[in-house]
């Protein structure tokens, strides 16, 4: 996640820089051609440019709304994970009479959230899990398709083994189900990219629109065509780029939902709740980016 | 579901290809007619084209938003099915003392999700069910209107027969109800197409708009009419087509929510949870499409 | 509910036919007046038409979004009724030890959904209820304001009378509450039409806009005014009409949420669950319309 | 709530009448000035009018969507109150063995919804409560900040005093919590007006836009300026007024959510459920308005 | 929160005053340059201004919708905190037999909401907590990362220590979980600013657009350029500023969700419920602002 204050004009130029330079080159080429060759037969009037601009804006506007909705839902699901993690820890400590079982459940859950982070980012969880789960269990996890879900199921067995009153066991089952729902929601976003029609078309149409733009403007704008056309193209390319950035929030890129920060935060909260002296610090931003 | 990377320009041309060729032919015909016949009485000015374009954009924009919302809700409901399936399996294994009953419940539920997939795609479930349920039950299922619901009801009876503590039975009843809600939501989307007004009108208006487009542009665009008109028509036709693709997510087409992949995934998760050696692999995309 | 395939151009013409003929007549009259009287003083330029068109589009776009949201919420609430009905039947059969009580509860609930359908359509429920409830109860129902709610309350008493374990009674109470929530949501949509400002204004403004349209177009469009103006008016009138159709989904009109189909479906599902041989068939569309 | 059929053109004119007359006067003044003074230096061309119109439309469109969302949420929360009231009554009668306690709870809840209505409309509840609660309790209520919440808390004590099975007590606690959530939602809407930026700015900008409109149109529209400008201004002023009407739904105005009707309906439902002969009739509209 | 009636034109001018003065100066400079230097080579026509205006409006419209959604969600989460606080207090008093424990729980919860307010505004909670919690506990809180969560966990331990029936303990656990969810939602909004792309870009583009505006208008507007350009710029700058104000609702600024008022209100409600004579008054607005 890019923190406020980092995105200045320079950053944006870097951001859409490459297509923008090509666009500028194309705009200058069209204008030069117009003035040097003086093609009386080249009369591409303004109307379709406005019409096309509206249609492209419909695509980009829809795409951006949807991409942001995906990003924010991903963040909200991690927020739900934070909340249910706290609830699980609180319930373990206050509803179970067996303090050791409570500690085990909470430590297992910390391992779970780290495994979930690595699962979503398609990274190997083994180093992270080595110190947190028994070697036996880690070995068994190597044969399952969904590592965090397997950890979670065994945490539920740990809860059952503590033999709480059935009603309290049902309360835990509810919390465990809330956690499954949050995980499943994240996997849904990870495994289901925006349909290609919404993802590839806007790119093609925006680029096509930027190519047509100087043709449509050169007659009226004359020598100012590169300026006008590049500025307008910049806006559309930036809109396109924003959608690209936001649509996939678990890709280990700078626009990710900050999973490392969130899982570290959950670990700190849970170990604080246990009263442990852990010495962990919240993740600090690197170059204005929170991972 | 079409995977990223597959939708290149060629695919899109194939996608709206046929109407596009007709459109291009029409655009050329209008332009030719204009230049050859030189009809002084044909002065269809630009204004209504813009006005019509805005009105058509309102239709298409609404239609696309709604069609995508249907697709995403369908995907989310299947996500809920994934989550509740995991919860059902976890609860069966950790809340019931009878391991055989738990295994039976989980196997029944795997049969249920396959039956639901085939039910939504209006395909016969009998082959799929033959190896998973008793011949007796399959026979009885032939006389009911809603096969997956009948399987689900009997799974609930299996849970009851395991005689858990009433509170845990109530917990299962809640999970069973969540599953019914997910199924019902999918059936709602399947059985209730987008109202015809939102479905048929945009098609008629977009096609009509594309027919009027060259008439409105030819005076100002001249020989560039086929280019300008076809490009603009392309954008509108593509918007129309996207809505068509997304609105019905359970039709066994390439734009479907990937039911085969999802039900296979549920089976793998559940059998992993049981600790079975199943040898099942996730569904692989075929030609960039996940079914 | 109008099924796909029925809404062809002829249907649409029928749909907005009457206002369209008036509109065409008006457009021709304006054009004729312009050419015959040649009023140099009639110079209504194009600008306000575009401006008015945008403002009218804001109204219609908002109205359509809202009208569709009402329709879809109505459908979703009936979907919830389908789901909770199945849950109620499943729980009655698997959680109650008394099979007769379960059968009574399910039969009562079938009577309830039929009564609810007739209640929403403001039709007398007495014929439908005669064969399903005791004469005594039907008599008592004649004195209450809300017949389905009274049936539902007594079903709850039947559940209590079966003396389930308190926790299972609580589970039923939850399901009964979900049913009340669905019914209440439907009544909300039925009793609270779209505020008149959103309902009457768009009609007035759209009609007004269609009247002004030829005045604004005739100078530039000339003899093509009736064509251009009628086509544009058609789009706006159709947008207006769609909103009209969708906003009230329980009016016994062809655009209704298909209550008869849905309640029949619930009855089939529930009697299938009971294992009854009922001989009921799903409702078939009549002339492409599902009631 | 204004009922359908009441809002005819006359009503609308009355609705935005005063600003409209001022607007017409201003439009005529500008046009007269233009023709009489013939100011060659007054050339306010059309472009900014379109640009401003778009920007104002963004404000008004957002404002209307939000205002309607507030109104509909308020109505939905009252719908939730209707539903939970029925559930509370049904549960009291079917889950409690003590019929007197059930009757007391239901009567107390009727007092609660009337108190809540008066609380939201900032009216004194004492007359309404006098006949419904003991003089003692009414006296004590005079010292608390939130009268309905205090009534509700004591209803919960009445439920506890009936000593139901703990699980059924928990079921009641859930329903009481649903009621608190509905009340809290209503208070949120009442106490948190739309932020002033969204409330005051649209008014200022719309009025400013209407003032500039004839200046921008007079050159092209000439003598038709008052007509064109007033019609366009009418649309924008009406959009503005609709947002004003909808944004605060509990102000005892004709656009209110019909609280009197809703609370009367709850009382009828609950007393019907008790089997009382109450002689109450639903609230009838007065001059097409339901209060 | 700014109360109605305060935002008059003067306030708005103050609001976007500084950029507006710069804008006016720039507009006058461009106009003066145009008339004094008479640059025949400066012909920046109107088209790109409209095109750019549309693109900028897409950014601002999206940004404002999202910023308001954040603000309203923050308010709704505090509304949920109000509701669950009342439910916690009601349940403590009516479900627990131990009145002292109930009082302790309610007093602890009052401390919690104050700590949460200060936590969200990044202010030290120690003064507020000193009189409300034991010195011991306050001391321990100094070592945890999340003070309100630690208070909340210990409140849950107080509930457990009162040894209610397990089912009632589960009811409390649910309420405690609702409170955690509300807190977590607030922290999500606090810790996850709007992505920089949506936050920084609109500012840059709006300012850039305002700079280009007079260049695009001066040819047609002439001496009226400063008026037209400043009015249009004003609308866009105000739209930009509104988004800025709303997007971060917990910053101790005048546009904040009124946390002080809300927490005071919760304290009054809860102490009223306890029947305490507290002498607390609702927070009064200061200069039309509610903190």
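Letters are used for the chains, namely A, B, C, D and E, taken in the order the chains are written, and counting of residues starts over at 1 for each.
Going forward, a contact is a pair of C-beta atoms (placed from the backbone, for glycine too) under 8 Å apart; a residue touches a chain by one contact, two chains touch by 3 or more.
Protein names from UniProt, one per chain: A, B, C, D, E = Bestrophin.
This is a predicted model, so every value here is computed, not measured.
Colleague: Moving only between chains that touch, what is the shortest number of steps from subunit B to subunit C?
Modeller: Contact-graph shortest path, subunit B to subunit C, evaluates to 1.
Colleague: Need the CA-centroid distance for the pair subunit C / subunit D, whole Å please.
Modeller: 24
Colleague: As a quick test, compute the distance in whole Å between the mean CA positions of subunit B and subunit E.
Modeller: Whole-Å distance between the two chain centres: 38.
Colleague: For subunit D, what residues touch not just one other chain but two or more?
Modeller: Each of 50, 54, 167, 170 in subunit D touches at least two other chains.
Colleague: Ring order from subunit A, via subunit B next?
Modeller: Moving from subunit A on to subunit B and continuing, the chains are A, B, C, D, E.
Colleague: Could you list, by residue number, the parts of subunit C that touch subunit D in their complex?
Modeller: 41, 43-45, 47-48, 50-52, 54-56, 58-59, 62, 66, 143-146, 149-150, 152-153, 156-157, 159-160, 166-167, 169-170, 173-174, 176-177, 180-181, 183-185, 187-188, 192-193, 195-201, 204-205, 208, 212
Colleague: Touching subunit A in the complex: which residues of subunit B?
Modeller: For this pair, the touching residues of subunit B are 1-4, 6-9, 12, 46, 49-50, 53-54, 57, 60-61, 64-65, 68, 71, 75-76, 79-80, 82-84, 86-87, 89-91, 93-95, 165, 167-168, 170-171, 175, 217, 220-224, 228-229, 231-232, 235-236, 238-239, 241-242, 245-246, 255, 265, 268-269, 272-273, 282.
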